[in-house]
Structure formats: C-alpha cells, structure tokens
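A, B and C are the chain letters, set down in written order, and residue numbers restart from 1 in every chain.
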Amino acid sequence: MSGDMRFTLKVWRQKNAAEMGRFEIYEAKGVSPDMSLFEMLDAVNEDLILKGEDPIAFDHDCREGICGTCGSVINGQPHGPETGTTTCQVFMRLFKAGDTITIEPFRAKAFPVVKDLIVDRSAFDRIIAAGGYVSVGTGAAPEANTLPVPKEKSELAMDAAACIGCGACVAACPNAAAMLFVGAKISHLGLLPQGQPERDRRSIALRRAMDREGFGNCTNHAECEAACPKEIKMRNIARFNRDYLKASFLSEE
Amino acid sequence: MNELIRRILFSSIGKKILVGVTGVLLCGFLISHLAGNLFLLVGEEAFNHYAETLAHNPFILPAELALLAVFLAHIAVAAVVSIQNKAARPVAYEVQRSKGGSTVGSRTMVYSGVLLFVFLVVHIKTFKYGDVGPGLYHLVLTSFQNPFYTAFYVLAMAAAGLHLSHGAQSAFQTLGINHPRYTPLIKAAGWVFAAGISLGFASLPLWAYFRTGGLP
Amino acid sequence: MSLDAKIPTGPLEQKWDNHRFHTKLVNPANRRKFEIIVVGTGLAGASAAASLGEMGYNVKAFCLQDSPRRAHSIAAQGGINAAKNYPNDGDSVHRLFYDTIKGGDFRAREANVHRLAQVSNSIIDQCVAQGVPFGREYGGSLSNRSFGGAQVSRTFYSRGQTGQQLLLGAYGALMRQAASGQVKIFPRREMLDLVVVDGRARGIVCRNMVDGKIESHAGHAVLLCTGGYGNVFYLSTNAASCNVTATWRAHKRGAFFGNPCFTQIHPTCIPVAGAQQSKLTLMSESLRNDGRVWVPKTAGDNRSPSQIPESERDYYLERRYPSFGNLVPRDVASRAAKAVIDEKKGVGPTGLAVYLDFADSIKRLGADVIRERYGNLFDMYAHITAEDPYQTPMRIYPAVHYAMGGLWVDYNLMTTVPGLFCLGEANFSDHGANRLGASALMQGLADGYFVIPYTLGGYLASGGIPSVGADHAAFRDAEKAVEEQTRRLLAVQGRRTAADFHRQLGLLLWDKCGMARNEAGLKDLLSRIPGIREEFWQNVKVAGQKESFNQALERAGRVADFLEFAELLVRDALERRESCGGHFREEFQTPDNEARRDDKNFAHAAAWEYRGDGQDPMRHAEPLTFEAVSLAQRSYQ
C-alpha cells in the first residue's frame, strides 16, 4: 500500500441470515489518505485471502455513487460521516490515523443480513412491483411532446427520481421506516402528468406493500433526509401522506 | 371491515395520521385549559367562578368523554406505533450517531409521552376527584405548597414542552403539509407553541409555590 | 461456416419495415408456450424482458446484482440521442444514421445503424410515457443538448443521470411484469454456461451467488444482455462486477465474437492515485468546452502548476489541432495525452495525467458561470482528489470506458448459435470502431424495446424447436463443467489472489493494447498472456467454500475468463492492420499522426470462432458494404 496511516477496524461478521453475528477486529496498515474505504477493505481482504481466511463480504459495484449497491454504517452513520455521499465515496482522509472505525450492516427487520455487511434489500423491489411505475406497455406511448410538463414540476420530479434505492433512509431511521424511499417514488410519478391516472391507486398499493415488509412507521425524525446520498427531502414523505389521505377518503380506489 | 377504517387504523400512514389529528385536537385543548388556568392570576373569585361554571355546564360530560376518547386514541395508537417501530429493528446498532434531522424532542417522544400519562393520572386524581373544600382555588394553592408536588408539575410541563417541540410541527408533516415556503414558519411556530404551553402551565405552580401572603 | 448477416433486401429506408412485415409472428395465444431466458437487466435486458413479458411470453430474467435496478447502465451520465429534430436544426433519421456510421469510422453495418436511427424517436416517446423526468424547457417541451460528433442538438437528458432514469423506467416496466407473474426475476445469479442442444441455445447454467448452488434453466431462446468487457483492462470506468463471462462462455459454445479489439478510451477521467485504486471515475467530456489541456514543455518538470509560466506550457491539443482545439473527439484526445505522457511530460505524483485548466475561463466568465455549468463535476473532482479545481487545474487521464466489440449478431440480433440473441453493449453491432456520446443508451433500449420483440418472434415462429427441459443431459454436462471449474479454482490454494492476476493482466493490456498498439507489442502480449493464465491455474488462491456466499470465488471465475478473452482481444488487434476509431495501430497513421484506415482490406467486421482450448481461433470476415454513405477520412485539424 502507498500510505502510512493505520486503522483498527471493528467489522460485523455474520456467516448468513440464520447464524448469529459478531464483531471482529482487523488492522489496516499502509493506508493512504486518497484511498477509499473500500480500497482499504480490498487490501484487508487480499491479506485475508492469502491467509486462507474468509474475506469481509460487502456490497459494491459502480464505486461512483450511483448504482445504490453499497451501504454500510460507519461509526454509527449510514454511508459515513459526510452528507450527500454513498459508502463507496468515503475516503480515508476523513479519518485520523490510528482511529478505530466501526463498520456494520444496515440494520432493519426488513433487510435481513445475507453475509457480513451485505443485506437483502429485495423488499424495495417488491414495493416497486406493487405499483411504482406507470403502466404503459411498449409501443403504447404517445408522441413525447404531446404532454407538456412544467419545468418546475419536472425538476421536482427529478429531485425525487434521483433515489438510488440504497436503503440508507431505512438504516438511518430510528424506526427503520421506508417512507423516504416510497415517498420519493410517489413524488416522482405523482408530480408528472404521466403518473396521474394511477396516482391514488399507487399510494394505496405502495403503502400496503411497504407495511407488509415489516418496516417501521415514520415519526418525522428526518434522519433519513440527512443520510440520503441523493439528498431527497422529507417533503416527499409529506406528499405521500397527503396522497394517501386523499386516496383513502376521496378516491374510487 | 369498512375499507376506510382498514386504511386508517391498520396502516402505517393511517395510524400516524390518527396520532397527528388527535395531537392537534389535544393542542387545542391545552390552549383552552391554559386560558382557564390563567384565571388563577386574576383572583380567587374569578377562578372559582370559572371552575364552577365549567363544572355545571350541561355539555361538560360529553365534552369530557370526547376528550377522554381523544386522549386514549392518541396514547393507544402511539403505543402501537412505538412497539412496531421497536420491532422493525430487532438488532440494535453497536454505534449510532445522528447525521442530523432528529432532535431531543423527536427521540424522546415515547418517554415524554409516558411521563405525561403518569402526570395526567395524578393531575386528574388531585384536581378532578380530590377534595375541593372551600373552592378549587384553595385546593390549587394548597397542593402547590408541597415542593415535591410542584417540582413534579414543573418536570411534567418540561416534558410537555419537549413532546410538543416535536409533536406540534410534526403533525403538519404527517398531514401532508410541507413546503419550503411555509414549513420553516410552521417549525418556528411549533417551537414557540411548545415553549408557550410549557412555560405557561409551569408558571402557575411556581407562582403558587413562591407567592407570599399565605393561603386564602 | 459463412456469416450471413440476414440484411433485408430493398432500399435502406425500407429494410426494417419490409423485414417486420415478412417476419413470421407468434400467435398471442401461443406466446405463453415459450420460455425466454434474459440474462442481464440493464437497459437492453430490462427493456427486452419487460416488452416480451407484455407480449405474453414467459420470461426469466437473471442478474448478478441484488436488484435489477443496479445494472451498470445506471451509471451513464450524458444522455440519449434521437432524431426528433425538436430544435429544428436540421436533424433527421438519415442524419443520425450518418453521424453514427461516420463516428464509428465506417466499421458498422449500415442496415443496423439505420434501424437504430429509425426507432430512436419511439424510445423517447416510450420513456416519457413511463415518467422518465427528462430535462424540459419552461414551456413544458423536452429540452435537448448537443454532444460530440454531431452538429445538431439531439441529446435528451435527465441532468447528469440519464442512464439512471432510463434504467429506472425500464426497471419499473420489468417489475410490473414481475408483479403479474409474466416475468420471474432471479437476482444474484451469475450465468456460468450456455446450454446448446441440437445446435440451438436452450438454456443456461448459473450460480446462485447467495448459497452457491448451481442452477439450470431451460427455455426456447436465450438473450444475453450482459454488457461490455472493459474490465479486462482491470482499471476502467465500468462497475466492479462488469465482466465477460456470459459472452465468453457463449463464445466457447459456438457464438462468434465480433471485433473484440474495438474498445473506447475516454479522455477525461480522474487519474490513478495509487496502486490500490479500484476504479476510474469518468468526468463528463463537456468539461473540455471551457477547460484547456496542457502539460509542461520540459520533460520531468515537477513544479506545481502555478509555478509554471505561460511560456513553458504546451497546450498540445490547441497546437496540434488548431481548428478543433480542445474539442477533438474522444479517441484523438486520448491518444494525444498518451503521446505527451510518453515523452515524460505527464503531471501529478504519478506522472500519468495532464492538466485541464479552467483559469482562463474563470477569468473570462467568472467563477459563478463555471460553477453553474460544471458545479457538480467540480464538486465530484474535489471530493475524490481533495483538490479545488477552481484554484488549481484538474488532472485528467484517459480510461477504458466502453466495448464496441461483442458477440457477433445478424440483423435479427441472433448470434451464430440459433436461439442465442445478444443485445446492447454485449453485441458488436452498431457503433463500429468508435461510439459517439449518448448512443449507447439509444442502442440498448432500441434492441430491447423495439427490435427483439419482432425478431425473436420470427425465430420462434419458424418452428422446429422441440421441447427441452432442464433435466436434459446437456444441462447435466454443463453443470458438471461448471462444478469442475469451481472445484479447480478452490483446489489450487496458491499464493496470489485473483485480483492480483487481474491487475497484472490489465496493466499489460493497457500498456500494449490500450490507446496505441503496434505489432511488436501485441506479439509480446500474445506470448505473455498464456503464461499468466498458466500461473493463474497453478498459483491462484481462492478463499471460502463453494456452496456459500463467496465473492472471492466470483472474482476468480471472472478473472479466469478475462485471461482467456484477453488473448482474443489482442489477436484481433494484431490482425486488424489498420487504424480506425478506438483501434490505433502506430504502423498505420498519416504523416501528422492521425489514424489511417485501410478500406480496401479491412472494411469488414471480424468475427472470431472458438475452436477448442489450445487451438487458434478462426477469424471470419463479414464484409461491410456502404451504399448510403461514402467513406471519408476524418480530420480535425
């Protein structure tokens, strides 16, 4: 390795969903400040493999903060200490040489641990499958400019659509609620004219799917907003609440 | 079961909306209660007259029952929500540090709520079912001669302030009211309201305890 | 075996319509009798699986990510092209077709590219209907931006996250089919073999990455939508899991590999900071609109940039290409950077970077204007490098970005194995030797939404596909082969990790088969890769067990395939004795160091046939005929 920083890593190890997990201590040496946390873990894993030990399993893919695959709680904060970033964008210059860094998985009943730092977020897929889309078949689309969309609405929709589905909102929420994730999808589609025909139906269906997965209830802490790597706002949760209320009382759904 | 009841009583959002709506109603009750209490400062006659009138109002019983229902709904639904929230994270974090957003008030809603519930029982026992003797004014002033009782009241009102610091503004969010243009105002108003209610209610036992001139 | 591209007859503009009319259809009631296997859920895979599900086919969709939404299409930034001509600036289907053919340096198939341009408009319609939040004008209509290689504004975009938004649209459509039961989704599955029965692709063998179990899935057709192989170079802008395994295994089962040497190197990436680096981050090439590229005039000058006076700087792009300056196309800019770095004029701690300097623009326009245009990119750069690009020049370096090569497919997107189709970046079809910006998203969605729903039906309706289940002996054989490879990987217990071999291979390839290639270097590579591969199988160390979640095992399997595939890539580069697009052979350049094509001998697609381990593969050629365009030399001076 290229640097001279050392860290003590306290990492959650868990063989699979069925077995109990525990923390293990690892030493990372020769870390340079320009390395990412994952590059440091890569190096620790190379050593573990050569020693014949099981490397630390962690989810990652694009390593540029867009795919939403990565996600760990670092020193008690999902995606680490900075705002608006993912775990893969945590660089070691954020830490003081010699620090102990605690790395644990996102913890929620709805996100069972697969292995070590990897959790199963398929609950999110099931929520989207319940209606997080516009039901338009391939080929059934009208000409794209037929329906004007006010720029402001389009920008707000994009703010919400920027969600990468990483689950940090659930991880950060003291109640392990998924309202920011679902609220973002409700807002994205609810703000656009294309999403209107299914708007009532969507809020009812997504709420039902969300509750079925065992997430907690939103109590408006706003920790999700602070942890969201795409800085999605609580306002989207309010819009979900509003849509749900309206759909429950007034809609034909 | 009626679909609407199912959507409200048996859904995460519906339950939160119930807590929010009942919370808003309770806030209204607090305002009128505080306004009534302030007759204490006007004098014995005024206060006792207010208390008597209230107690002999033919609509007081249905109003009290409705208030009781609102209280119980607020407490019961909030309790269910809290239990579910606890269950949603069966394994706790080893280290947990806020990234921002949550406040002392938001994190202690359950504790401040439980304390307020205990307070409520004591409060009703003392002032609704206690021995009024020469008049409620007398009972109030006598009760607050006890420093522990007064301290308990002040503590409970601090809890009420904490509870409201999150609860008041949070109810708007739950009811779907959030816009960058007015939400900062709602939040500020929530803080002012919480502080006003808390200080307003707490000031009366303190006034009673520290006032000079002996009991009436 | 001769290559039949099955290009429909008739005038270019009518080929696709004619072909759709003449292609047999599958009766709606019969579609449910067909099982279709789709591997990969990026733009091509998700759009194909969703569309086929809507039509009534039974679809099984596989991805190695934990959710279909995470496929690497999600990382595409800039936009998606279409010939809508909304800005009224002279665009047309024919112009989009022409720009794409020319951008690909005349090494793509005319008929395919024309079809791509024809369906481009329907893609935008479809995505808008799905709720993709494209950029808009205040009046509510769709907004366009301009992109490299075109003189018209035809690029639709969702901020810098166009790939993400398009993929989420396709993913939504896919999940809708999953909810209806028409598509079954298999996440965290890695395809490890293709099963061919009686000459037809009939299924796949994959590994369940959670429990390590080997699974077989049978179907009437298999669609590979598994992306590009850029990670063969170890460092690239690709996601960590991007690999060649699915297409390589299909290649070994009979699918020809087309133009593997055509890889795109993107000039503006954040340079390598250290040996442990795992990823190169792309910075939008739009930065070159306002940034000036330079290096010190003297080799080995390691003063900080602010200490180097104007007279001692070499603005080499402006010097070499006075008319295009800093805005030359990707391949030209990348090669020019390599040239100055080879002269030891590179900057930064590693010497593997050039400056991209905004000082002049900031002086001219003010920091606020620059912040408005590039603020998010500047922030990203500052976050990764801890340097402030408003104060000090950015350091950039080219990086491997996209694979134009891939499995050879005919006009129907079918490979040389009947029943095996290949879509998106995984196939070789539409970008020739160089891809234009904002064309990858267009191709992935064109293939999935608007091509395969027709051409797959043609194959299925042609009949003669007997029923084969996953209990067929061919599946047992393939499973055994997969199990055997896994066993071997775990049994070596050597002293080097798979990542270490990957790094070694990648650095070699980058050095000798990257931005510039020559015969001696390529021959050297050809002589060295088998040695690395041999050492791999004798000295690799893979931890963990077979039947468990095992990322080390996954990595080792992919590296093993890269070690085989790399040889084919190099061989293809060696055999293509010309320079074109991203393939630059130093022997074939004009006197002023530009790429020199050889249209007489190389106006063809190379398609490689696998002939067994230890055997040299056979090179086939599909001649490319150009009727609608005339071949021209590109010049940017």
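Here, a contact is a pair of C-beta atoms (placed from the backbone, for glycine too) under 8 Å apart; a residue touches a chain by one contact, two chains touch by 3 or more.
Computed from a predicted model, the values in this text were never measured in an experiment.
Two chain pairs, A-B and A-C, are compared here, and A-C has more C-beta pairs in contact (counted per touch definition above). Chain A has its Cα centroid nearest to the centroid of all protein Cα atoms in the structure. Taking each chain's centre as the average of its CA atoms, chain B and chain C sit 62 Å apart. If each chain is reduced to the centroid of its CA atoms, chain A and chain B end up 36 Å from each other.
Averaged Cα coordinates give chain A a centre that lies 27 Å from the centre of chain C. Shared interface positions of chain B, defined as residues touching 2 or more other chains, are absent.
Of all residues in chain A, those touching chain C in their complex are 1-3, 15-16, 32-36, 38-40, 42-43, 45-46, 48-50, 52-55, 57, 59-64, 66-69, 85, 89, 91, 93, 114-115, 118, 120-122, 124-125, 128-145, 147-151, 154-155, 157-158, 161-162, 164-165, 188-189, 192, 194-195.
Contacts from chain A toward chain B in the complex involve residues 10, 12, 21, 23, 73, 75-78, 81, 83, 102, 104, 107-110, 172, 174-177, 179, 204, 207-208, 210-211, 214-227, 234-235, 237-245, 248-249. Interface residues of chain C facing chain A in the complex, by the touch rule stated above, are 47, 50-51, 54, 65-70, 72, 74-75, 84, 86, 121-122, 124-131, 133-142, 158-159, 161, 164-165, 168, 171-173, 175-176, 178-179, 185, 187, 210, 239-241, 273-279, 281-282, 383-386, 449-450, 453, 493, 495, 497, 499-500, 541-544, 548-549, 551-552. Contact residues of chain B toward chain A in the complex are 4, 7-8, 11-17, 81, 84-85, 87-103, 106-107, 109, 166, 170, 173-180, 183.
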